[in-house]
Amino acid sequence: MTHPSPYLMNAWYVAATADEIGTDGMLHRKILGTSVVLYRSEDGSPVALHDRCPHRFAPLSMGRREGDALVCPYHGLKFNSAGACVHNPHGKGVVTKALAVRSFPVVEKHGFVWIWMAEEAADHALLPDYSPLDEGHENGVARTYMKLPVNYRLILDNVMDLSHVDHVHGEIISTRGQLSPLFPDVQETESTVSAAWEWQQTPPMLILNQFLPRPEEEARHWIQVNWSAPGNIQLSLYCAQDDTPVKEGPGQYDLHSVTPEDEFSTHYFFATRRNHIEDDAEYNAMKIRAMHDAFENEDGPVIAACQREMGERDFFAMNPVLMSNDLAAVKMRRRLQGLIEAENSAAITLEAAE
Amino acid sequence: MTHPSPYLMNAWYVAATADEIGTDGMLHRKILGTSVVLYRSEDGSPVALHDRCPHRFAPLSMGRREGDALVCPYHGLKFNSAGACVHNPHGKGVVTKALAVRSFPVVEKHGFVWIWMAEEAADHALLPDYSPLDEGHENGVARTYMKLPVNYRLILDNVMDLSHVDHVHGEIISTRGQLSPLFPDVQETESTVSAAWEWQQTPPMLILNQFLPRPEEEARHWIQVNWSAPGNIQLSLYCAQDDTPVKEGPGQYDLHSVTPEDEFSTHYFFATRRNHIEDDAEYNAMKIRAMHDAFENEDGPVIAACQREMGERDFFAMNPVLMSNDLAAVKMRRRLQGLIEAENSAAITLEAAE
Amino acid sequence: MTHPSPYLMNAWYVAATADEIGTDGMLHRKILGTSVVLYRSEDGSPVALHDRCPHRFAPLSMGRREGDALVCPYHGLKFNSAGACVHNPHGKGVVTKALAVRSFPVVEKHGFVWIWMAEEAADHALLPDYSPLDEGHENGVARTYMKLPVNYRLILDNVMDLSHVDHVHGEIISTRGQLSPLFPDVQETESTVSAAWEWQQTPPMLILNQFLPRPEEEARHWIQVNWSAPGNIQLSLYCAQDDTPVKEGPGQYDLHSVTPEDEFSTHYFFATRRNHIEDDAEYNAMKIRAMHDAFENEDGPVIAACQREMGERDFFAMNPVLMSNDLAAVKMRRRLQGLIEAENSAAITLEAAE
């Protein structure tokens, strides 16, 4: 990776959902502009290698697996799951040090496979913790994936400013215009920004109201987004009636995580755990399909249209008219940019010292 | 618009045919590289706004209409037909001066909606007059629209040099090789160029001969093109036999008008009024379809192929071998270039003085 | 052609198979970035002209033939097979010296039409000789054509390093891993590189074994590639059992020839003559179809994937890890690059002296 990088490198990104990677086959995915081949070794642990043979640059994902090793489709070089060449069928079979592919640290956690793309050693302390996704029945949590032709920041903006739910989304998750007038409670640290909204609406949100005592009557709602650099937003949504504390009512604990494919294309991962109808596989499948569709048909087209109108220009350079609802998103963008710039400065200093 | 601009800015361009813009819905069209949303207000008058919300650059044309106002699909900002924000649902609903979209002057005339894209005040004296299009039965005039992947000058070249009709077009409008040998009468002013051809042919042009006394016998023909900067060419075509003055014979009064979508894509508008079978809606529909098809299937593919061969190079920089038939087109290109350069020089002078 | 050119210009390239060019119609093909129209004159000899009218750059291939002349589709200029304008229908019909299209020397040989793209006089001594293709029954030789979205060097690399047959290809032409361990015999001159492999395998190659005394038993095999700058590789393949000299056993004499469409797209021509079942048209058709499919489905996708991974970067600049099997390909690339650079230096010297 050349510096300055447009991405925060010393960080974990979601590479795939756990389901996308099987013990058979391989998954090709471009991450931060780099071709990666993902697969699961015979013991079940995920593996990520540079999807480019060092010989003539053929993608290993077009080749075949031999146990945990990958065989290049072009000239048969074989690489183990650490990226070392374990067989060179050519000439005397010499394996030089250069005859290797880069291996990327990966960790399976919360139903996703996370990847570390930096050349620096992986810092496991930076792996975020979304344990509530794992707590409860297996049919109470679901995940999905989609790809959007936009810079990843535009998706983060979307989730950090939930006032858009008043306007973009249909009846099922309508917030009835209640979020836009609010000034959310925004908190930040160097690498996190959170925002929370509290409001009442009648009827309550239709995805939750059937789990309330009086489905058609007013309920208190609470929603919170917690961004962690670079691409994770944990979202909690609950509602309640009467004296029930809002966080004890029906609700869900979600993760939105974005991983740049490149500067203008983004892998978008989503997970949701709910505290109601947790054991019904069919309901679970319906629920994740509805969430997937809401994004694909409602947010997605609008965000993609914004990107088309922006072209390759920088968001701030286009002088957006920012409003109260942009506060959390703008803080998120500034924190992220600060971290990227700090990382690039450090890299340049390091290179100069070498 | 940054200077130097590749377009003549202080001018009226056709944005749409009157029929394309309804009182319901919106039309998105990119004009001179800028996204425009066109619609008709409830009183029927056309409106053109920048199709980009100033907040996060969503296209307003993806949103919805509320009477004469447009509501942004992303966060619900509402803009009236002058581009002023009339509702901000966020926070305290403050509407700053910056919270507005640019409104473009538009005029409906001759069955087209004309737009003024310059930042300077619209000069209505520059709106061209093609009144004959409006004179007569409503079924004696028709309009059409198409888009071509070429620089707009290539379409103007095509119409300014009618010798191409001898070679490109089929039997219906064949001129039987009679125009190419002629040296047309070419006249010019600072912002106009005209050319006229007179000839005889047997049989007369097949679109007109059935309205002559002796359809199969020789007739005098006259055709004239009148270019007005930047993109309008008015074309008149008549034929006659015996002592009838040629302009009193069967014929038609047309307008070809081109509007750059961008430097390599062009909106092409066409209108035609004839002085025969003026009251037959079915004949009228057949006539405009035939004209549309002639362009789409005959001129269009050749012009597009020329553009592909030119790539993004400048026409004159490729050293075309110019001939007698190019005279009017070359004068048109030089006049147009002179006007664009004068406008850019004036803009630079103005900026320097500020 | 501007200097420096990315192509070797003073050379013959295959423009088309003889079958692609008929006495009716025209073939448009872009060669070394230049649009060429190919056709066969009434006496059967092939013709190649710049496919760009000098007037307004319309492709002549969109026009029509009048005997051996081509008529421009746009304004009717007519050019003879030497590229001279023989009719200008405009004005007084003056034909200036500039009113001509460039004609390219072409030669029909070995079932292909070869073209000379340099501005320098064609050097017929540089036309390669693959006479064995012409010797024998007409049904013992076949040709095919395909286009690949890659730089032409990647196809040359593929053929110069036949160790790939061990890995890329299916059962029919499998070499059972026997080539990769070998150090081929590599020979070179200023503009040629050859490599030869000898080995034994059981069963023998399945495309040849049925013509051996004992089809299922071990046979000696010999394969040789002979590259001639810029784009030709003659390949010979034979096998034998017992005391039969290997080159007297069943085998084939092939030509692989690449012609850049542009820097990242290549016309790939192939011919094969065999010394067995020479008179069976149906077998011949099956044979060439199998060879075509092997390339299209096996080598082609891998080579195209390498190009996608390389983007527009230079092969050596990406630091490939080269191995023993790359020796002939690397020598070929260096010889080719040397010839291109020498040609460019000579051209610059010439221009400076003018």
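So that you can tell them apart, the chains are marked A, B and C in the order they are listed, and the count of residues begins at 1 in each.
The rule is short, and it goes like this: a residue touches a chain if its C-beta (ideal position, glycine included) is under 8 Å from a C-beta of that chain, and two chains touch if they have at least 3 such contacts.
Remember, predicted model here, so these are calculated numbers, not experimental data.
Although subunit A and subunit B carry the same sequence, what matters here is overlap: shared residue numbers make up under half of all numbers found at their interface. It takes 120 degrees of rotation, in steps of 5, to superpose the Cα atoms of subunit B onto those of subunit C. As a whole-number value, the distance joining the C-alpha centres of subunit A and subunit B reads 48 Å. Chain contacts: subunit B has no residue touching two or more partner chains. The touching residues of subunit B, when paired with subunit A in their complex, are 35, 51-52, 54-59, 62, 71-76, 88-94, 96, 98-99.
Partner subunit B is touched in their complex by these residues of subunit A: 157, 161, 163-164, 166-168, 177, 180-183, 301-302, 305-306, 309-310, 318, 320-326.
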